[in-house]
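Below is one structure, written out as structure tokens, with a few remarks after it.
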């Protein structure tokens, strides 16, 4: 049995609240059950050095977690003096995913940085972050259009992300922390609303998993992403 | 005229919400107008190396700010690889202030770390942090008593903090960002509910200020702290 | 047409040379065409702090690239003062993959570190590294058995890795650098000799890819890994 | 009784020796009893990036301590790889204090960096540093005038600094190390020769102090600074 | 008796293989017995900031060692976050030595970086590195001439390096690791083919050595460098 | 002609002042003309981890330079976050030299750290540092004997250091900064009072130098060290 009697193909309670920041050009508080991620999109009028003068823009992401977002306090990365490998891996994933649905030429020579900060963590922080980041990004490009700085939206696709895993031989959607730590395998899927693949990361924990398990996880994820995409559109309509 | 027609001796709208974290032993979301600081108190069963075996506990604090807590995005300290001098100064101040009202011997050989993370910044983040940190700390020692780990509360005093400043020749209480950046002088007072001094930091920005200005700022702060202390007690009663 | 007239489902010339280091307990020079990775496995009699006293061992990996392994010189990470996000991502992947086929309890309280250093790079360095790392690891556990320190081999499975990608609408196996940089999507598969999934990482570069492309890539990878596993066994018999 | 029979309102033996460096544009060895701080002012023809092109200058300070300036050897910050929070707090204080008496516009687009290096420490290093730094700064602007680079002195005020504290219930001026470590509270005052306030930092160590104590400390400091200002002028006349 | 019955004035088996890298403008695998150093020379069209616009070029070197190049695994410097003092000392020596035989004006405003990476270490890595680096450098300037970018070779001299030491009272040429660690003194000589001195570093390990020992070491080194210079020319003729 | 009409074989004015620190167990201010280095020897009752429990002691050194010790201000290494390669090279040289005249077994399981801080620099800082460091070290071991912690002095030899160089074709002793920067070659000799060699570092700057030049430099250095050793003994008698 899953916690709270959840079905194996059910998402946790999902809440996407757009426009939560008074300063950021785009923002979204993404809540997947007990996982809360604050996503803000900030527009800057310059691009990284290697893009300057090329007329193309850039979309990137940073990820962080408050020290007591978790059951036991973790070390503050700013105090440790560096971001962990896990943090870097996640923020690279978020940025790469977003760029797959943005026309960087159409964005023009500006950068949008999406900060995803985990306020509370209960598993699936990276997928909540990506799902919320897309909403924040979309608000930010909407801002550019409203301000007359862009004519058309450079965001040409919609995406969301969800985790799945194999626990006690069962494939399940949207793992929470207690499930995640016991999972034999877990997989994160970043998919578009039309079923396109943006990123798949599947990892066996203790031993390899059969291909059939992977296909079950993929099917669960597709259904989950469809629901998340609907929630994103609702959040943007406000 | 101050923004929103506020009187020179008036606090902004104050909200102290205790117990906001599902994991931390103590927590408080402190809101001074548009400044929002999440304070969590985490108890650990070990103390720093220099205290080990001495039977004394330790209380310390860390401070951080989300990159887009401010009007324009600031660099993430974890990505920069170090905490700024300002950050270190503030977290040292918070920790030092809290220790002035804690009996470290009575706490026993354990450490309480109070994390103060600025979710949104509109001036006075360090004073909101101290005010909220005291609430989180108090909840955490309450937890130790409830759990039977302590008999008496090692927190022997109550304190809160507020900023004041001189703007256009006028002394004002609880500066917001737009006032703070134009202030000729600003001062942060950490005071107890009985008027005791825990810490005073007064700084002239462009030129020295007369002693009379300082005394006016002190008087404003004493009244402000009295109100904040009442709000703290209300939050703890919840 | 692929470089050198290679078929879309053909590996580059593969060479796995075991035992190349006079010092390391296990080693393998893995060459996938112009990509050359030196893998050494080093046994140490202690484990990381969080495992001490638990009777379990650990397998981990580190990855590096000589500054002029590539077309243009890259900055030396030791001089830069930190490992890039890419480096950390790759070394985490290598270690995680190896651990999926090792019984850490059976290994006993010792650590095996596999260093994968790219001497020359022409695409697919992470997959060559994993493929060579398994050989080096296997030699190292063989050494422990020969020395009478272990009775049975804690490596309970065989794995290898290969990259695939979509270029000009065509799915191809084992991309070299010139293909990799033009690929619309690429995927790295870490699979066992019996078709089990250890890790899948698929990434769309510019825009999402259809699910059918992914299945083609998967099929290419399975065939490639079968050949690599045969080469590994030949190298160990060497 | 204080060490050496000193009265509670007496400074230690003060020595300010200007022009001690053969290279620096301004310099002062400041000795407050056993505390010796070498202050050098260096003029550079450029300003930090955020000030460039604005016609304004900048005054900043750096602080350091030789490893064996103290009773027991401390770790060299350059070897540790970072400046401590205490060091950063002190150097920020010194720079901020000096800027309160300098017309940065009148200085023109150049920077003066005052290095304050503690050769020997016996309490009160930051106040000795500020007192000596003002002398070094004044020599440096004098140099700019002599060289015909400036017409008028951009230093428009005179300031000095002194510490006070409460020990065994008694308020005392200019604490030495053995007093400082036992003090119930200490306060650092940066004041002008005309009684203006530049910076006040008052800290209760173990428990809050009454307001009356603070006023006594303030009175002691005002008298002390008057004497220090006289010593500064004498040093500059040389 | 030396290992392998080597005479006290005999080099180990020397192998210099030029052109081993498919990418670098110059390269050499230098093998002194069990010590193998891969040297690559990379040409860049810019110089360090302090040389810009002066029409002069720069030659520099970086040194590294694979973690398991040695008997026991050493920590990876990129993971440690800094290069050791030993590494910096060696790379400064290599760069300085090479510059002593290069006309930097004649090189023009470009930089040649020689990377010396130790693949396997058995004593004398810095001398093998210098000897191989000269070959790589010479290939790189040859490349500039072939490409018509330079008319004459800016390398105006030939140099090589060798270590010597005092073991059990005997002076010996080209120490291997087991000798090096027992040596009472060791010395590294960088000399030209005509007997000119580029660099001498002689160090007594446990106690000072008599001048006569130093002269014996110098004589051994001169003979050794003559042989190494012949090997360099042979390698370049290929 | 040399500055101040100095003969080519003459030292600058040498001053060694022992016991200048009120805290350190040994200390010496070493002045070679305008080069002033403060050397302090600090005794600690523990040794580095790799020596623990072996009954042997350790002697090490650290080197630093105040930012404005030189003609133009240099960056503070503590602010830069690391020690330069030059600094590390020098402090390794100082420590290694001192250890060559100390019986580490006789010292017992304690460490002596000699800090050499350059207060003012005019060439030859490393040789002044070594010369002063020996005096500080000798005072520190004298302290251990006085305190009854050691019976015999573990310092079994006397050493000093001096630089020489070739300027305008002339070999000269004890270069000052203006000579050093124009020198075709320079060499640092660390020698004992009986002519033993502790360390020789000779470096050609622009082009190799003939062996005869090196022998002239060596002869100059021997005479210089004899005089420095006499000054050391005088300072210790003080």
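When the chains are written out, they are named A, B, C, D, E and F in that same order, and each has its own residue count from 1.
Definition applied: contacts are C-beta pairs under 8 Å (C-beta built on N, C-alpha and C of every residue); 3 or more make two chains touch, one makes a residue touch a chain.
Only a predicted model underlies this, so the values are computations on that prediction, with no experimental measurement involved.
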{"item": "Steps needed, at minimum, to go from subunit C to subunit E via contacts", "value": "1"}
{"item": "Per Cα centroids, the chain farthest from subunit C", "value": "D"}
{"item": "Inter-centroid spacing, subunit B versus subunit A (mean Cα positions, whole Å)", "value": "33"}
{"item": "Euclidean distance of C-alpha centroids - subunit B vs subunit E, Å", "value": "59"}
{"item": "Per-residue multi-chain contacts in subunit B, two or more chains", "value": "81-82"}
{"item": "Chain ring listed from subunit E, with subunit F in second place", "value": "E, F, D, B, A, C"}
{"item": "Subunit D residues touching subunit F - in the complex, by the definition given at the top", "value": "21-24, 27, 34, 38, 40, 42, 44, 62, 64, 66-73, 76-83, 87, 113, 115, 117, 119-120"}
{"item": "List of subunit D residues in touch with subunit B within their complex", "value": "82, 85-86, 88-89, 91-92, 96, 100-101, 156-157, 159, 185, 187, 191-192, 194-211, 213-214"}
